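Chain IDs A, B and C follow the sequence of writing; residue 1 opens each chain.
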Amino acid sequence: MSAAPEELRAEGLSLGYPGRMVIRDLDLTLPPGRVTAILGPNGCGKSTLLRACARLIAPLAGRVTLGGADLRRIDSRALARRLGILPQQPLAPEGITVADLVARGRAPWRGLLAGWSARDAEAVDRALAAVAMAGLRDRPVAELSGGQRQRVWIALALAQETDMVLLDEPTTWLDLPHQIEVLRLLQRLNRERGTTVISVLHDLNLAARHSDHLVLLGPEGLVAEGPPAAVLTEPALQRAFGLAARVLPDPVSATPMVVPL
Amino acid sequence: MRWGALILALAALAALGLTMGEVRLGLPDLWQGLWGGDGPGALTVRILRAPRMLVALGAGACLGLAGTVFQTLMRNPLASPDLMGFTAGAALAVLAALAAGLTLPPPLLSAAGGLAAAVAVAALAHRRGEGLAPLRLVLVGLGLGFTCAAASAFLLQRLPGPEATEAQRWITGSLAARGWGHVAQVWLPGLALAALLAVQVRALTLLELGDDLASGLGLRAGRARLRLAATGVGLMAAAVAVAGPVAFVALMAGPLGSALTGARGAGARLAAAALAGALITLAADLAARNALPGVTLPLGLLTGLLGAPYLLWRLSREMERGEL
Amino acid sequence: MRAALALLAAAVLLALLVGPRPVGPGTAWAALTAPDLTDPAHVVLLTQRLPRLAAGLIAGAALGLAGVILRGLTRNPLAEPGILGVNAGAALAVVAGAMATGRGDGGLVVAMAFPGALAAMVAVFLIGGGLRGGAGPMRLALAGAVLNALLMSLVTGIVLLRAESLEVLRFWNTGSLSQAAGRPLGAMAAVVAAAVLGALAVAPALDNLALGEAMARGLGTRTARAKGVALALVAALAGAAVAVAGPIAFLGLMVPELARRLAGGGMRAQMGAALCLGPAILLAADVAGRVVLPPGEVKAGVMTALIGGPVFIWLARRIRPGALA
């Protein structure tokens, strides 16, 4: 892990297809060393933005920079050592075991002909321990529950040993306890390792509880960004979702809690 | 351990293939023949059976590798170069050159034809906004295969008698009258392409996780796919050039190899597929030569008879699992 | 409909007049009205072209109609007796019967072709997901293509057992009208005529089925019976076509598409158009095969496959991924 975390910035970023712009002229800084959640209604371009930040899609205009350098200028493998991405529906090869799957996260660190090193093995062990899956390392992934499977995918991203992890809807399809489990895990990684975590989330209240920084997108683009209490306000919700709601302090965590009217 | 059994079966079939045939040879004859003795038995082995066996091994292994590359790339057990029409395209190119009187090396011709077929199938199956759905790819490839087969049948009519008979055999897949020149024709490009493939195993391993994650792990997914597909087409072409468009070996080899060896990783599965492809081809050729006394059936007929029931079983299984 | 009839008339004229030895319209008329068996042109016309024309009319009408019924029944543009292996089933049964009995006459062909076609059809629908609905076009087409390959391999294998029969092999592997004179034309014409009547009778039920199983029942159609009748008709038509022309693929693919464009969505209108278009296309393919590579002849089955392959691709491209899954 390098000492100084680098910031990810969007500058004049426009995304989409020619003729159908999803994000228009967006300027945004995602703070390093924090847990950030990207929120917004369906179709507002949350996932598109995240994918552009991971260079999975090219901008129509503008650019994304990491530590001041345009993403497009960074070599693929070098980028993969600094920034990990967990897509929405990654594919598990048939019959693969937990440890084998997590080991694939080591790809950017291995030379073309270099074998499996002790460092690779340690990274995998640490990643599995971090998500509490070390005991199930030889199980086929197909046999795991949804929550366990999501933890394995996160472990893959951890084994990649990047300073920054991007996750596209890591809690979708999970039940509430598993959602909380995943979000706590991400928070703990941030506190213990200083990893920058940026994820696309759906649940506003959970996002407020488990993030340091929120980015709220609406149909017209960026609505608000900042600490949860500053972002989740009644007018902002109206603008982003067209939703009439009251915002109350959460009785447990004191973070903002959205109650639709 | 199971790998050992597979290799042993391959060796046993090879020995059987060398001894069985019109002239039955004992093991001592075989030994003599292989190490430079003379006499009719030795000549049979050295001139007829040994090259034929080596061509079968090489072509089968190439087809097994090619099939597994495409099946892994497309994440679909049906996406093999024979079902997708690539082998038919390769065969058509060879036949077209023959009909036009061009004398170019068959491996180059079949590679060009296979590549053209692959590009055509990909272009035709691609839809804006939906990309390449594997199943549509297979269907479109099936149609291209029909078209190429019809065009080949058309061209066959243009060839003079003896060439037509020879070409007719080859077009169903045949190892008749293969000599040492053919051995070199399949093994040299085959080994080179296999080495090229070995270097790309890691890319294939990453692509199994989906293009997004593979990109996130530092792979240029699009380029890696193209390179792997080109290597697969090359391997397929090397086999088709010497053995014709043998049906279904590429389709069966991968699943059979994995089932026999329990191989999981992409590299191990490729190795198992190469062995299984060689095994299927060798066994089919043995049966083609010896099933009926006095008649040598085309190799492709036997692999067709083996492969079609497998494919039907596979289809019904995929359907039960609701994946088709 | 008028266009379809015009096409058929043109194809019939071409089939009679064009060939390695062209015959003038006047001579053709004379041969038909006042045959003179000492005139070689009359002999060619009567003993070669006329049976060929008859075979083309029978097989073309049968395959075109079978294609329309199958497409209406399965709502699958790729369902066609050739691709589904029904033709191959008939061919295999004939070849196997000839092998077992040592006979090869018209009686054996008639006795074997129909059970063969029916068995292959049942097999392909069982493997391909049945008629219970929800069977994607992909399944049926793939299962059919594979079954077709398997049955054709068996045909080749059986015929290769008898070394003398290379020409026989070619007929049962790729259909052609060139052996029309030796085929049971009269009997098959009667079968096709009966099947046409049956098809017209079952057409309203197929129209209702096109709205979906539940809707058809609501409209009073006895769906199971209608499907059974329709499949039996397809087997009879395919068997008759194979008996006179060998297995000819892709005709049942092209004809329904054209018939739908010419005659609209109604089953009976489509069937009428198919009865003209099927023979028209098959005869045109046969004529083209006769003149394209002189002095040789390209089989009509090769010519239909040359056009049919691209049509298959074009239809396959239109299938939505949702329908594939």
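As a convention for this text, a contact is a pair of C-beta atoms (placed from the backbone, for glycine too) under 8 Å apart; a residue touches a chain by one contact, two chains touch by 3 or more.
Keep in mind it's a predicted model, so treat the numbers as computed, not measured.
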Exercise. Take each protein chain as a node, join two nodes whenever their chains touch, and name the resulting shape: line, ring, star, complete or other.
Key: line
Exercise. Could you say which chain's mean Cα position falls nearest to the mean Cα position of the entire protein shown?
Key: B
Quiz item: Counting in whole Å, what is the centre-to-centre distance of chain A and chain B, each centre being its mean C-alpha position?
Solution: 43
Quiz item: How many angstrom lie between the CA centroids of chain A and chain C, rounded to a whole number?
Solution: 59
Quiz item: Roughly how far is chain B from chain C, going centre to centre by Cα mean, in whole Å?
Solution: 33
Quiz item: Mind pulling up the chain C residues that touch chain B in the complex?
Solution: 78, 127-129, 136, 138-139, 141-143, 145-147, 149-150, 153-154, 156-157, 160-161, 163, 174, 249-250, 293, 296-299, 302-303, 305-306, 308-310, 312-313, 316-317, 319, 321, 324-325
Quiz prompt | chain A contact footprint on chain B (complex, rising order) | solution = 75, 199, 202, 205-206, 208-210, 212-213, 215-220, 264-266
Exercise. Spell out the residues on chain B that touch chain C in their complex, using ranges where they run on.
Key: 78, 124-125, 127, 130, 133, 135-136, 138-140, 142-144, 146-151, 153-154, 157-158, 172, 247, 292, 295, 297-298, 301, 304-305, 308-309, 311-312, 315-316, 319, 324
Quiz item: Tell me, which parts of chain A touch chain B in their complex?
Solution: 51, 54-56, 76-81, 83-87, 89-93, 95-97, 100, 104-105, 107-108, 110, 112, 156, 160, 166
